[in-house]
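Pasting a structure below so you can have a look.
Labels for the chains are A, B, C and D, by order of writing; each one numbers its residues from 1.
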Amino acid sequence: MTSLSSTAPPGVLTSDGLAADLCCFPTREQYVELVRSFRDDGFEMCVDLCGVDYLEHFDRRLPEGVEPTRFEVVVNLLSLSKKQRVRIRVQAGNEEPEVPTLFNLYPGTEAMEREAFDLFGILFTAHPDLTRILMPEEWEGHPLRKDYGVGRVPVQFKESPGPR
Amino acid sequence: MMSVDQYLPILGLLILGVLFGAGSLVMSAMLAPRKRPSDAKLAPYECGIVPEIEPPQRFPVRFYLVAMIFVIFDIEVVFMYPFAVVFRQLGLFGLVEVLVFSVTVFGALLFLVSEGALSWGPVKHLTAGMPSRTSSSTILRINSDSDQAA
Amino acid sequence: MSEPVVRAAERIEILSAETSEGAQELQRRDATNVNELSREVGAVLRLDGLTLDPTSIDMERRDDETMIINMGPSHPSTHGVLRLMLELDGEFVLRTKPVIGYLHTGMEKTGEVLSYIQGATNVTRMDYLSPVINELCYSMAAEKLLGIEVPERAVWIRMMMSELNRISSHLVWMATNGMDLGASSMMIYGLRERELILAFFEKTTGLRLNLNYVRPGGVAADLPDGWQDDVLVICDTIFARTFEYDELLTGQPIFRNRMVGVAPLTAEEALALGVTGPLLRSTGVAWDLRRAMPYLAYDQVEFDVIVGTFGDNFDRYAIRLNEIRESIRIIRQCIDMMPRGDYRSQDPKVTPPPRARIGESMEALIHHFKLFTEGFQVPPGEVYLAVESPRGELGCYMVSDGTAKPYRLHVRAPSFVNLQAVSLLMRGGSMADTITVVSTIDPVMGEVDR
Amino acid sequence: MALEDLQHNFLTGPLEDIVRWARRASVWPASFGLACCAIEMMATGGADFDLARYGMEVFRNSPRQADLMIVAGRVSQKMAPVLRQVYDQMMEPKWVISMGVCASTGGLFNNYAIVQGVDQIVPVDVYAPGCPPSPETLMHSILTLHEQIRTGEIMKRRHEGRPFHLDATPELWTPEVPVAVRVGTPK
C-alpha cells in the first residue's frame, strides 16, 4: 500500500503496518481537513462511518503519539479511480464524545452519523438532524455501548449463562 | 288493468333488492361476534400509525376537475334511458339523434382534456430526446479487457 | 355513552404517543432547520454548493396547503417495514423523509455475544434475500483476521453459491417489482423460478433460507454428488425464462410509462451519497467489486459488468435483468472449473474433526467440544472487508480483542445507504413514482435496520 | 345478540355450522410481513405452495378486509405499538398466527430490541415453529387454525375464559389497553 503521507496534512500519523489496508489516525482538529484532502485527492465515495466503544479493550494497538480514548469514529473512504481504500480512525473522546460532521463533504454520511449518535451517543457538531434513527424516540440510553446490558430475558428452562 | 302488471317486474325487482340489502345487514348484525366500536377501529387507517396530523380540508383543484369529467358521462347516460325505452318506434331517426347528442357531449370532453384536466402538471421525468430503449440496448457491457475505471 | 368516548380519546393519546416518533418524523417546513430541509428536499450538498436550492421549491405551495402523509410501516409496496413520510402537494412529492428502525434487531449487539463459529447464523439474517453473501462477508473477514487460507474447492463453491444467491435475490426483486407495477403474473413467475434455486440450496445445505453454509475456514458440507446436472438445469431454465420476462415487461406501455425516465440519478449525486450497486451502475459508473477489487476467484472467470446510461428506473430494471444472465454465465464456468479437494481448511484451529473420528479418539472429542462451546481465538486486530451483494457493497468491519468473540462487528449495509437517496429520487415525482422508486432501490429492511 | 349468545340447540346448530364453515373457507390474511418469514410467506403464496387452495387467495393489505393476521418476522420494540394498532383495526372475528420463532418467543435475538414473543401484544391462536418455517410448516399451522375455526373450538376458548396470560377482564376478551411493555434500559 503506498503511503499517502505526502498529500495528507502535517501532524497526521499514517501507518500501514497495523492492518492490511491503509489506516490514518488524525486528531479531532485535523479530522475534517484530512477527509477533505483525501476527497480532493480522488477518494470520491465515503463508504462507511461507524462508532466503536473501546471500554473493555482500551489497550488496543495504536501508533505512538495517538492517545487512546474510549470512543472512536471509524470512517472508510473509497477511491473508484485508484481502486484503493483508506480507513480513518479518529479518537472521539471519553465521556462526551464529540466529532465534527462530514455532511458538507459527503452528504451520504448523514444517516450513518445519526446511527452512530443513536447507538453510541457520539455527538456530531453541525449535523443537520441529529436525532435517533433506529431506536424509538423516547428510548433512554445508547444500546451499543459496552456498559449497556444486552437486555437478555433469562430463559426459564436453561439457566446456564453460556454464550447465548 | 293491463298497465298495472306492466310494472310488476319492476316491483318484483325492487322487493328483491330491498330483501337482499336488508337481509345481509340483518345477518351480519346477528351473526358477527361481539361488536364494540373500539376507538382504534374508528380511527382512520394510516398504515399502522395513529394519525395525529389531521389531513387538510382543502384539496387541490385537480381532483375536482377529474370529477367533472365523470359528470359529463353521467348526464349523457341519464338522457339515454328514455331513448332506450322507445328506440324501436323511433327507428333510424332516433339512432341518428342519439349519435348527434353523444358527439356534442364528447365535444365537452375534448374541451376538458385540451384545458389540461388530465395532464397533472410538471412531473420530473427525463423525457427530452429519449430514444425508445429495450432492456438490452440501454446497457453497456464492460468485459474484463476493455476495463475502464469510473 | 360519554364514558367510553372519554376513555377512547385518552386511549388514542396512549397509542398515538407510542407510534409517533417525534423528532424522527417529518415536521412542518417552518419547524425544520435549513440544512435538514435541503436534505429532505433532496439537495445534495456537493463541492460547489447546493445542486438544488431548497428555497426555490418550484412547486411553491404555502405550508398549510400541502399534506403530510406517511406510507407507514405496514404498507404493501414498501418492501418490509419502511416508513416514508411524504409532504404532498396534491399528487406531487415535495419532501420525503424515511423513518426506519421498525425492524431493528440489535444484531450488532448480538454479534458481540456470539463466538466466531456462531456469528454466521446471526449475520445471515440481516439481508434475508442473499444469506450466502452475508455469511461470505463475515467468514472472509474472520479468515483475514486469522490469516488462514481456504482450500481452492471451498473458494469455488462459495463463488457458485453466492452467484446462485444473487440470481434468487434478483428474481425476488423482479417478482415484487412486477407486483408493485400491477404485473402480478410476474410475481408468480419470479417466485416459481426461485423455487428451483431454493430446492438446490435445501439439497446442499439443508435449509431454504438462512443457510449457515459458509463458515470461517470453508463451507459446512461438500456439494451433493450429481450437483452438476441440478445446477445445469437451473441455469438453462432461468436463462430461457429471462427472455420471457423481457417480453412480458419491457414492451408494456404501462411498465414503460412508470419506469422510463422516472427518478433519474446522476453519477456525481450517486457518488456523493455513497450509493453502490445497481443504483450506482445505472448512472454509468462501472463499479462492481467483483471486477474492481476481485475476491474469491472472480478474476479467473469471464463476465461482464452491466452499466446503465440514463440512471433512471428502466436502467436499474435492465441492469438487474442482465445481471441474472451474467451470474448464469459465471455459474456455468464454475461447473466446468470446479477443482477437486477438501471443502474445508484442514487447520485444526478452525475446523472440527470429522464426525467419524469423534467416536474413536478422546482428543478428537475434546477438540470438537472445545471448538463448538468456546470457539477459536482470533488474534487482536481490525479488518474491513467488502463484497458485492445484489444491492451494493456489503462491508464487514470487525474488531477482535483476542478472545473467541468479535469485540465490535459493524456491517456496512448497502440498502441503508441507498435508501438515503430516496428523497433525491422522489423529489418532484408523482405519488405513483414513489412506489417504483422504493422498488428499484430494492431495500431489504433486515439489513437497513440491523 | 351474536352467534355466541344463541343457545346451542337443535334449531341453531346447522346455522352455526354453516357460519363456521363459511368463515373457515374464506380466511383472508393481512400481509404483516416483517423479516425473513415474510419471504417464506410470499413463497407460500406463490405458485409452488399455493395458499389459494385453502381460500386464502388474496393477501389483503388493509386490516379492514382481513380476518387473519400472520405476524411473519421479528417484532421490534418500535414496531410493537404499530402491530397493536393494526390488530385493533382488524374486523371481528380475527385470528393471529405467530409465524417463526422470532415472533413466537424472540428466537435467536434475546436482546433489548426485540419483543420476546408477540403474545405480549396480541392474543395468538397458532404458533408456527421454524426459522423461517418452511411453507409446509406455515400451511400446517394455517390448517390447524382452520380446524379450530370449523369446530368452533377457537371461539369457545375465547368466549369462556380470558386468555390465560393476559390480565384482561373476562368480558373484554381483546384487552383494550395495549400490553406492550417497553423494555427499559436494563443496566
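Here, a contact is a pair of C-beta atoms (placed from the backbone, for glycine too) under 8 Å apart; a residue touches a chain by one contact, two chains touch by 3 or more.
Small disclaimer: the values here were computed from a predicted structure and weren't measured.
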| item | value |
| --- | --- |
| Chain whose mean Cα position lies farthest from subunit C | B |
| Pair exhibiting more inter-chain C-beta contacts, C-D or B-D | C-D |
| Centre-of-Cα separation between subunit D and subunit C, whole angstrom | 29 |
| Interchain centroid distance [CA atoms averaged], subunit B/subunit D, Å | 35 |
| Between subunit A and subunit C, centroid-to-centroid distance (C-alpha), Å | 22 |
| Mean-CA-position distance for subunit C and subunit B (Å) | 38 |
| Interface hub residues of subunit C, defined as touching at least two other chains | 7, 11, 15, 18-21, 72-75, 101, 104, 106, 109-110, 285, 287, 449 |
| Set of subunit A residues in contact with two or more other chains | 44, 80, 83, 135-136, 143, 150-151, 164 |
| Two or more partner chains touched - positions in subunit B | 38, 40, 43, 48-50, 149-150 |
| For the subunit D and subunit C complex, residues of the former touching the latter | 31-36, 38-40, 42-43, 46-48, 59, 61, 73-74, 76-82, 84-86, 108-109, 111-114, 131-132, 134, 176-178, 180 |
| In the complex with subunit B, residue positions of subunit D that touch it | 1-4, 19, 62-64, 81-83, 85-86, 88-89, 92-93, 155, 173-174, 176 |
| Subunit B residues touching subunit D - in the complex, by the definition given at the top | 30-35, 38, 40-41, 43, 45, 48-50 |
| Residues on subunit C engaged by subunit D in the complex (per definition of touch) | 7, 11, 14-15, 18-19, 21, 72-76, 80-81, 101-107, 109-110, 121-122, 125, 128-129, 172, 175-176, 187-188, 191-192, 194-195, 198, 208-210, 445-446, 449 |
| Subunit B partner contacts - residues on subunit C that touch it in the complex | 7-9, 11-12, 15-16, 18-20, 58-59, 64-75, 83, 89-92, 246, 249-250, 260-262, 264, 267, 284-287, 291, 302-310, 312, 314-315, 317-319, 321-322, 427-430, 433 |
